[in-house]
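The structures considered in this document are given below.
Two complexes, one shared chain (subunit A), two partners (subunit B, subunit C).
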Partner chain A sequence: MEQKELIEHIEKNFKYKKEIKVIDGKQFTITVEKDKVLNLLSFLKLIDFKQLALITAVDWIDEKKFEIVYILFSYSHIQQILVKTFVDRDNPQVETVKNLWDVASMYERDVHEFFGIDFIGNDDLRPLILHNWKDLPPLRKDFDSLKYSNKMFGKFKKDEEI
Partner chain B sequence: MILSSTKELKDKGFEQILDFFRKKSLWMLHYCTGCGAVELPPTMTSRWDMERFGMGPMATPRQADLLLITGYLSVKSLKRVIYTYEQMQEPKWVIAFGSCPINGGIYYDSYSVINRLALYLPVDLSIEGCMPRPEAIIDGFTKLMKAIEKGEAVGYKKYKENYEWYKKNQREVLERTTPVL
Partner chain C sequence: MTEILTFLGKEDQYEKYELFFGPNHPGMHGNFSYILTVEGHTIKKVDPDPGLLHRGFEKLAERRKWMQNIALIPRICVPEPDINEVIYSISVEKLMEIEVPLRAQYIRTIILEMARIGAFLFGFGGIGGATGLYTASYWTIADRDYLLDLFEWLTGARVYHMFIVPGGVRRDLPSGWIEKLSETVDYLQKRLYEYDRLIYNNPLIVKRLKGIGKLTKEEAIEYGITGPNLRATGVKYDTRKMVPYAAYDRIDFQIPVQSDGDGLARAIQRREEFQLSLEIIRKAIKDLPDGQVRAKMPNPLKFNVPKGEIYVKVESARGEHAYFIVSNGKDKPYRMAVRGGSYTAGLVLAQKILVGMRIEDVALWMSTMDICPPDFDR
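Moving on, here comes the complex of A and B:
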């Protein structure tokens, strides 16, 4: 399907509240409520958006929200969809999508490690990349990377003796 | 190199002779996680031809003399570098490439990249630049050779003498149990 037909199809068949924005000829975003994400994703999977390319998050610290982004790709429509949802920053929780795509469990581990977002239903949220991390998740905006680096790895001073 | 007396021969002559030969055959193990590694292939191959100095790449730490840290090191790879270094046979030397292992370089504020390699391993030579050109690398290698010949490049002895200090620094970043901030 062309992008226009595709959007019409989604508008017509997915009845819950949503907001569709076109980015360019090959991409568009759909923003939905947090509890309707799973419905939307399974609906999109049915209309041949078979590949989950990435799950990632954005920290909107002033609005006290995390934005979670699911990037889907379809080889038959040659379209990319960014499914977005917002969760509360103090209690960040969404349902896992690992039952739809196996690969999601890795992405969720990653997002959990770097933003501290919980994925309900995913029982394997062990640390993936960082070594022995004990502080705030590092990609949160209130984590001070420079201060951490200076304290942890030593600040470089000019005349310091080794 | 002519030795003046038998006593000198006994004391350090033998070591000096060994050093003379050591500097002429350096096998290097390159730990290529940083961007500086890109400059090594041209240094090794025909354009700059490092082998005329008797240097060549070695596949295993057990038979290598030089450990090249080619750029930034994350905490996770620091652990592997320490394993590798401790597996190497003596005498062994460490060369740090670029500004990242000196003071953090452009990763000075990163939460996962160490700022200063000299705190964790004895660095014999640092080559500045982001990244150093093959000319600078070869210049660095010849400096190291001179230092080896004079018996000044003794990082591995320093590591043994100050083992506790190095281990303490390593443990501080690798086996932390409390939050930093």
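Moving on, here comes the complex of A and C:
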């Protein structure tokens, strides 16, 4: 299906509240409420969006929200869909999608480690990359990497101080 | 002698033990490890353990200006750094709505294909290393050096070039460079036939690769496998053709596919794509237009990128390499997420497909899938 037909199809058949925005000829975003993400993703998987390319998050610290982005691709429509949802920054929780895609489990583990977002139903959220990490999740905007490195490894000396 | 042979009977229980495959293992491709639970020679459970290569690129990029990041991002991927520069540049150009001159697009295509050939040569060498055919690794690494010489002449750097920038490429091709590139392409073509005789027609290699990590089309798509590994299962999809970038929409080429989806099919697919890359370079040299190589850009240290978000992907030697970039209208990227080409293969598929394999096949599976640890540890 072409992008226009595809958007019409989604508008017609996915009844819940959503917002569709076109980025360019090959990709568009759909924003939904966080409890409808699973519905939307399983609906999209049925219309041949079979590849889950990435799950990631964006920290909107001023709005006190995390944005979770699921990037899907279809090999038959040649279209990229960015499914987005917002969760509260103080209590970041969203349902897991690991029952739809096996790969989701690892992406969720990654996002959990770097943003501290909980994926309800995913029981394998062990630390993946960071070793003995006790600070804030590092990709949050309130984590300052310069301050951390000064605290951890001593202050960086300027030339004249050495 | 017969006593020893009959010593292990059918009913014997093998010991179960844990084997740390990597980071210091001759079959491992970099700082990464699998914790294998092994019974006898057979793998029962796989637990990937990344993190030894983590450098925090996604966080570092948020603290640097749009142009400063060009020096940072090639370092994400060692064997094929140019894809990072091109994805980043395309993202910035799309968000700022900048038109890139045609000559720059062609130069980008040539550079990307050269980098791709370099990565494939590394891959051929990896297969040689995992099977004990060290001649292959010596030959391929030496041939890759001819490409690095060309890069050095063009950009001043051998591995991390920082040559592709938002708006085009840094400078025009030096005189005599194209002729030298044509010579190198002809040389590599000649060498490819020698690789055929050494690797792909070698009965030992064929026997060893056959049946390793067999994947079907559906499994490959389900597990997010992309690039040559996906085409080896029979899916005729190439990002260069279907969602073209640089000058690929102006260059005519056929996508090679295999059908078996096992280690041998993946190796042969890479050999075919090596040939394809040589052809694309030849066509790009033939059609190379004259003109500007860089669009007019604002002051590199002062420009802001308009609000927006974009997911840009390119075809790397390992599959779909992509960035998801968010800008909030300031002079630094708000968020830059990296999708490595072999992330899902190395971390998720490995947990399923390595079970039941023998220990000696792990390194070979990693070579044929082109698992690259920097893809998980950005």
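Simple rule for what comes next: the second predicted complex is superposed on the first by the 157 of 162 C-alpha atoms of A that agree within 3 Å, B and C clash if a C-alpha of one lies under 4 Å from a C-alpha of the other, contacts with A are read in each partner's own complex, and residues count from 1 in each chain.
Throughout what follows, a contact is a pair of C-beta atoms (placed from the backbone, for glycine too) under 8 Å apart; a residue touches a chain by one contact, two chains touch by 3 or more.
Bear in mind the structure is a predicted one, so any value in this text is a computation, not a measurement.
Contacts of A:Gln80 after superposition on the shared chain: subunit C is touched, whereas subunit B is not.
Set against each other, subunit B and subunit C differ in how many residues of subunit A they touch, and the higher count belongs to C.
Once the two complexes are laid over each other on the shared chain, residue contacts for A:Leu38 go to neither subunit B nor subunit C. When both complexes are overlaid on chain A, the residue A:Pro138 reaches subunit B and subunit C alike. Shared-chain residue A:Ser149: touches subunit B; no touch with subunit C.
By the touch criterion stated above, A:Leu130 is placed in contact with subunit B and with subunit C alike.
When the two structures are aligned on the shared chain, A:Ile47 is found in touch with neither subunit B nor subunit C. Shared-chain residue A:Thr56: touches subunit C; no touch with subunit B.
Once the two complexes are overlaid on chain A, the subunit A residues touched by subunit B in the first and by subunit C in the second are 129-131, 138, 143, 145-146. Interface residues of subunit C, counted against subunit A in their complex, comprise 50-51, 54, 56, 58-60, 63, 94, 221-224, 226, 235, 237, 242-243, 308-311, 313, 320, 322, 324, 326, 334-335, 337, 339, 343-344, 347-348, 352, 376-377.
By the touch criterion given at the top, residues 23-24, 26-27, 29, 50-54, 56, 58-59, 69, 71, 75, 78, 80, 82, 101-103, 105-106, 114, 128-131, 138-139, 143, 145-146 of subunit A touch subunit C in their complex.
Remark: subunit B residues 74-76, 79, 102-104, 108-116, 118-119, 173-181 touch subunit A in the complex.
Listed in rising order, the residues of subunit A touching subunit B in the complex are 129-132, 134-136, 138, 143-149, 151-156, 162.
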